[in-house]
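Report on the structure given below.
Chain naming follows the written order as A, B, C and D, and within any one chain the residues start at number 1.
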Amino acid sequence: MEILIAIAVMALGALTLGAALGYAAIRFKVEGDLITGKVEAILPQTQCGQCGFAGCKPYAEAIVRGEAEINLCPPGGDEGAKKLADLLGREFKPVSGGGDGEAVKPRLTAIIREAECIGCTLCIQACPVDAIVGAARQMHTVIETLCTGCELCVKPCPVECIDMVSVPETLATWKYAYPIIPIKSAERAHDVPNNVGAMNDTQSSHRKVA
Amino acid sequence: MPIAPPISSPYLHAETSVRRIMNQVMLALLPGIVVYTALIGLALIVQVLLACCFALIFEGLFQKLRGRSLASLQDGSALVTACLIALTFPPLSPWWLTVLGVFFAIVVAKQLYGGLGQNPFNPAMIAFAVCIVAFPALMSQWPAQGLHLPFSQQMEVIFGFSPRIDALTAATPLDAIKTALKMDSFTGSIQDLLKSQSLYGTFAGRGWEWVTTAYLVGGLFLIFRRVITWQTPVAFLGSMTVISLICWLIDPARFSDPLFHLFSGGAMLGAFFIATDPVSGCTTPAGKLIFGGGAGLLAYLIRVFGGFPDGIAFSILIMNICAPLIDVYTQPAIFAMQQGGKKKERDHA
Amino acid sequence: MSYFFLLIGAVFVNNVVLVKILGLCPFMGVSKKLSTAYGMGAATTFVLTLATGASFVIDHYLLIPAGLEYLRTLSFIVTIAAIVQLTEMAIAKTSPLLQQVLGIYLPLITTNCAVLGVPLINISHGYGFVESLIFGAGSALGFSLVLALFAGIRERVEAADVPLPFKGVAIAMITAGLMSLAFMGFAGLDR
Amino acid sequence: MLQKLFKFKGGIKPAHHKAESQGAPIAIAPLPGRLVIPLSQSAGEAAQPVVAVGDRVLKGQFIGRAEGWLSSAVHASTSGTVVAVEPRLMPHPSGLATLSVVIEPDGEDRWLPLQAPDYKNMSPKAVLQYLQDAGVVGMGGAGFPSHAKMQNSTVLEDLVINGAECEPYITCDDRLMRERAGEIVAGSRVIRDLLQVKRVLIGIEDNKPEAIAAMREAVEAMGETTFSVVVVPTLYPAGGIKQLIRVLTGKEIPVDKRSTDLGIQCFNVATALSVWRALNLGEPVVNRIVTLTGNVEQAGNWEVLIGTPMNELLALARPKADTDGIIMGGPMMGISVPAFDVPVIKASNCLIARSPALFPPPPPEMPCIRCGACARVCPQELQPFELYWWSRARQFDKAQAYNLASCIECGCCAYVCPANIPLVQYFRFSKGEIRAAAKEQKMADSAKARFEFKQFRAEREKAEKAEKLARAAAAQAAKLAAERDTPPGGESDTAVYAADAKQAVIAAAVERARLQRAETDSRDA
């Protein structure tokens, strides 16, 4: 008898709670999601597909659905993975797969050797961000400021006239470095050369832009 | 010839160093150490030296273990921590207790967090808290008033060659008050009780009052030399004065007067030397006031109503926990960003 | 006045995390950032207060009259699970980002021993309805408070030069231990 | 004339070291063997070269055209031959080379025929254009194009003329005010009229009594009542724009506003002089006053042609044997130049010969103990130790939350830091990273927009194509149906027509699939 009461009580409880939850499921129905946008904002928008998805948005959607890791984006680097980990509360994983995690890929830009270009427009179709201009049978050129360095145009080129070159540092892009006097090498810090060269050393100024 | 990496301005530097700051703190502790030694005997000096040696040893070993240079031993921060441990532990506590305290302070509370400047808790207070929780009996063995053991006998007690005699364990004034307060049958007055046990001196605990006065002198020196700012100690002592005054006015028979509290136990040491630790404390002016005020209030509550003989260590550790959050919410207004016109005009004719 | 002491006691002296050592899972997991700590604290406060109230009602008007005290743990868990589900749906509706950030910890409130522990403590102490609610709210406030304080410290420690073997959760555990040590200072203050 | 002064918080009082060069009158530096004139001497875009190798140029001749509004023209500093237009090292902490015009002087130092503009009858816009073409930039060290600061968009009240010269060692403005006060005041008057301000405040630190007297005399001689020479207490960085404006007017300029938003504009005394020269004599900026001091036998102040190699110039002050570098600007905010022979530019107000004795290498960096000394001296009232804590850990968003952007890099914090932490470099590092990240974000946003537009375009084209095909198929079906209605038809015909129509639809679908495949292929490639 007692066992029946117990069952009845528990069943009653389960029913009540079930009804409440059922109502809540309808009342608090969620439409759309805001997170995908935030994830996508972190991705570098190179649209390079190195993550295995067709562009940054599909990758962002996959991350939010929990189907993709957050460390699949080489252009975003560890910095980007860190930001994603922060946003989503997931554990940070280095992009390069451990080891040389700090090595950052230098920024590249595509350059078309214009003399060799045959004007096939294949690279224009390949470029995900419309950074290549030109018409059929006309020479094409890359608008360097728009190029994301995704390398998608390199393969389609039938005459292999597209090179990926690193963007040179200029006065506008130069940044101060991280201070280099770690506590570890405290006694060696005195040896860091901070003299700017001998008085008659005029050679140095003829250095060309790297 | 390769061009040297850019070195950022400024190229001038004022004559200051971390070591100089630490030296001034040590100097400020000196009057307290001298008076304390006069009261207790040379055992205190032995404890200070013991703590200093082991602090350097632990710090050095840890630096070696991390493959760092031993240059950080010169900054003097470990010595300040060691001095505070020696001054807060009972002077005749066994040598291994002091060493254990130093270990927890230097290794657990400081080096595991990355060393100087990065520890969220005050190392000396961690040492005190660990030891009083783990060895409550040993940490309450304060030598009885007027017990002047000869130096050799003190050494025997510290290094465990002679049994820890009962005479060591006398009630401190704070203990006596607490015991009386918890006794429902207690009917007399605190003052009479203390006087009857000849624990009361001129204005606070006998003998001990002069040690705390010496700490006060050292602390004022630090404020004068601008090593510490006034906010924390003033808030600490202020809140302790206010709360003890309120209790005293409510029931002068059961609670002691503010003066007694300010000059008893570790109040002065805590207010000037421990709560002002910038690493584990608050750094904004408003934050310092909150930190000091909170620590003073908690210290009073714990020492009068709580389960431990003195509340300084725990109150400061609890405020250490709060410090990062207090700092976040008390950031001062920066140049050209007045917060509700709070910023005053700083005119001069 | 006794209610006040009960509340203070639940927040500080018998702090659910640092003294009773309950609910460590979200305490360690959701304290990396201050903002998420606030979210988790709010969610737990809500769930815990509701759970203590609901479990008191169930215990007094269902289980005890029916003589089913042995079903306490079971029925409490079911109730808590339902309340957590409700909370999760509400948060998903109002703040998707908070939901994403709280991640697995929100459902984990279900198995948060603090949320089950506090109602059981209530019953073992024989608290009445109001006392239960106050104790529940106090415990939840204590949980949120130390969670926020812990997050504040962790944000700082995250940027510290912690030795490699101790980086991350290890130093967080040590920090939690030292915080617990500091909270021992409150011992005896509620009497 | 009692001016109400205000105070700013913080600040430091390092040793002045002005006595070494303060007494030396401005002397004219001899022509150097070769001039290297960088084309990017001001903030903003670099000028574009308008001369080629082999061209003969006269002193004051245009050699670099300003690119856009935030840019300034560059002129030949002497007469001679252009021997190279190539990247050369310039005094910049990066040690990078920029496009420069190298001139071999002919020794005649012959001016282009100068013609003073009739600026009083020119439109303000034309005057600004003239100043841009004359290459007038801020001579105090920042090198901001001056014309860009004179666009009068808001109603201004005060013009602040900065003669504070708060950095140690530098005395060029001091000498300039002593010797050419009249021209400075005249230049200030021109700026005042351009900006239509009510009041001109000339702020000078109280450690330059002779300059104060000279300026007061000049103001009196001009009979200007709107001018006042205000003596400000000597406290570094009283010459910082924000601090000087605070001291003189009590107004504080937030990081996200310009001084003009609060009705104030500020120019350096040397800039006022350049404005006067350009408008009154038609003379472009080809020289400036440079203080040579530091580890030298004879410190002094020289009028130097822009482009003069620093080692040739410093030789005039006879540097001591242990000189191991040159600081351009003051010791608090100046830069250590990357080579001895980099040229003097318009912003080079002072060259300090370095020596290990005078500027000892920084002691090893110790851990921060959060002592707060930096916060007490910060003139921007920041918490430098918090900025350091987050910068060191590369948590830039946190550093920004502590108002990193408000830092003026004055160096007070690093000066007093007992742990010898190169705070300013940490802050510059963080700022650089934040700037780069913002730039990257902007690029990413535009890339995303273009990507999405491209996808939209492809989608639209596909839809259009499909529609066209469907229309064609429908038209064909209709035609067939019409044909079937009239001529002899049979059941089989109908079936054929129906099959045709179906085929057209299939063809359209196949085409669609092919396009889609082609697109995914190209994306996968």
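In the analysis below, a residue touches a chain if its C-beta (ideal position, glycine included) is under 8 Å from a C-beta of that chain, and two chains touch if they have at least 3 such contacts.
All values reported here derive from a predicted model rather than from experimental measurement.
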| message | Let me check something: if the centre of a chain is the mean of its CA atoms, which chain is farthest from chain A? | response | B
| Does A-D or A-C have more contacting C-beta pairs? | A-D
| Rounded to the nearest whole Å, what is the centre-to-centre distance of chain A and chain D, using the mean of the C-alpha atoms as each centre? | 30
| message | Rounded to a whole Å, what is the gap between the Cα centroids of chain A and chain C? | response | 38
| Where the CA atoms of chain A average out and where those of chain B average out, how many Å apart are those spots? | 50
| CA centroid of chain C to CA centroid of chain D, Å | 54
| field | Interface hub residues of chain D, defined as touching at least two other chains | value | 93-94, 336, 338-339, 354, 362-364, 366-367, 422, 425, 428
| field | Where chain B touches two or more other chains at once, by residue number | value | 3-4, 6-8, 71-72, 114-115, 118
| Multi-chain contact sites of chain C, meaning residues that touch two or more partners | 155-156, 160-161
| remark: Within the complex, chain D is touched by chain A residues 40, 43-47, 49, 54-56, 122, 125-126, 128-131, 145-146, 148, 152, 155-156, 169-171, 173-179, 181-183, 186-187, 189-190, 192, 194-202, 204-210
| request: Provide the residue numbers of chain D that touch chain C in the complex, in ascending order. | output: 367, 389-390, 392-393, 395, 398
| said: Applying the document's contact rule, which stretches of chain C touch chain B when the two form their complex? | reply: 34, 146, 148-150, 152-153, 155-157, 160-163, 166, 171, 174-175, 178-179, 181-189, 191
| In their shared complex, at which residues does chain B touch chain D? | 3-4, 6-14, 16-18, 20-21, 71-72, 75, 77, 114-118, 227, 229, 278-279, 283-284, 327, 331-337, 345-349
| query | Which residues, counting only chain D, touch chain B once they are in their complex? | reply | 4-9, 12, 14, 93-95, 168, 242, 246, 250, 252-255, 257, 327, 329, 331-336, 338-339, 354, 359-360, 362-364, 366-373, 375, 379-383, 385-386, 402-403, 406, 409, 411, 414-420, 422, 424-425, 428
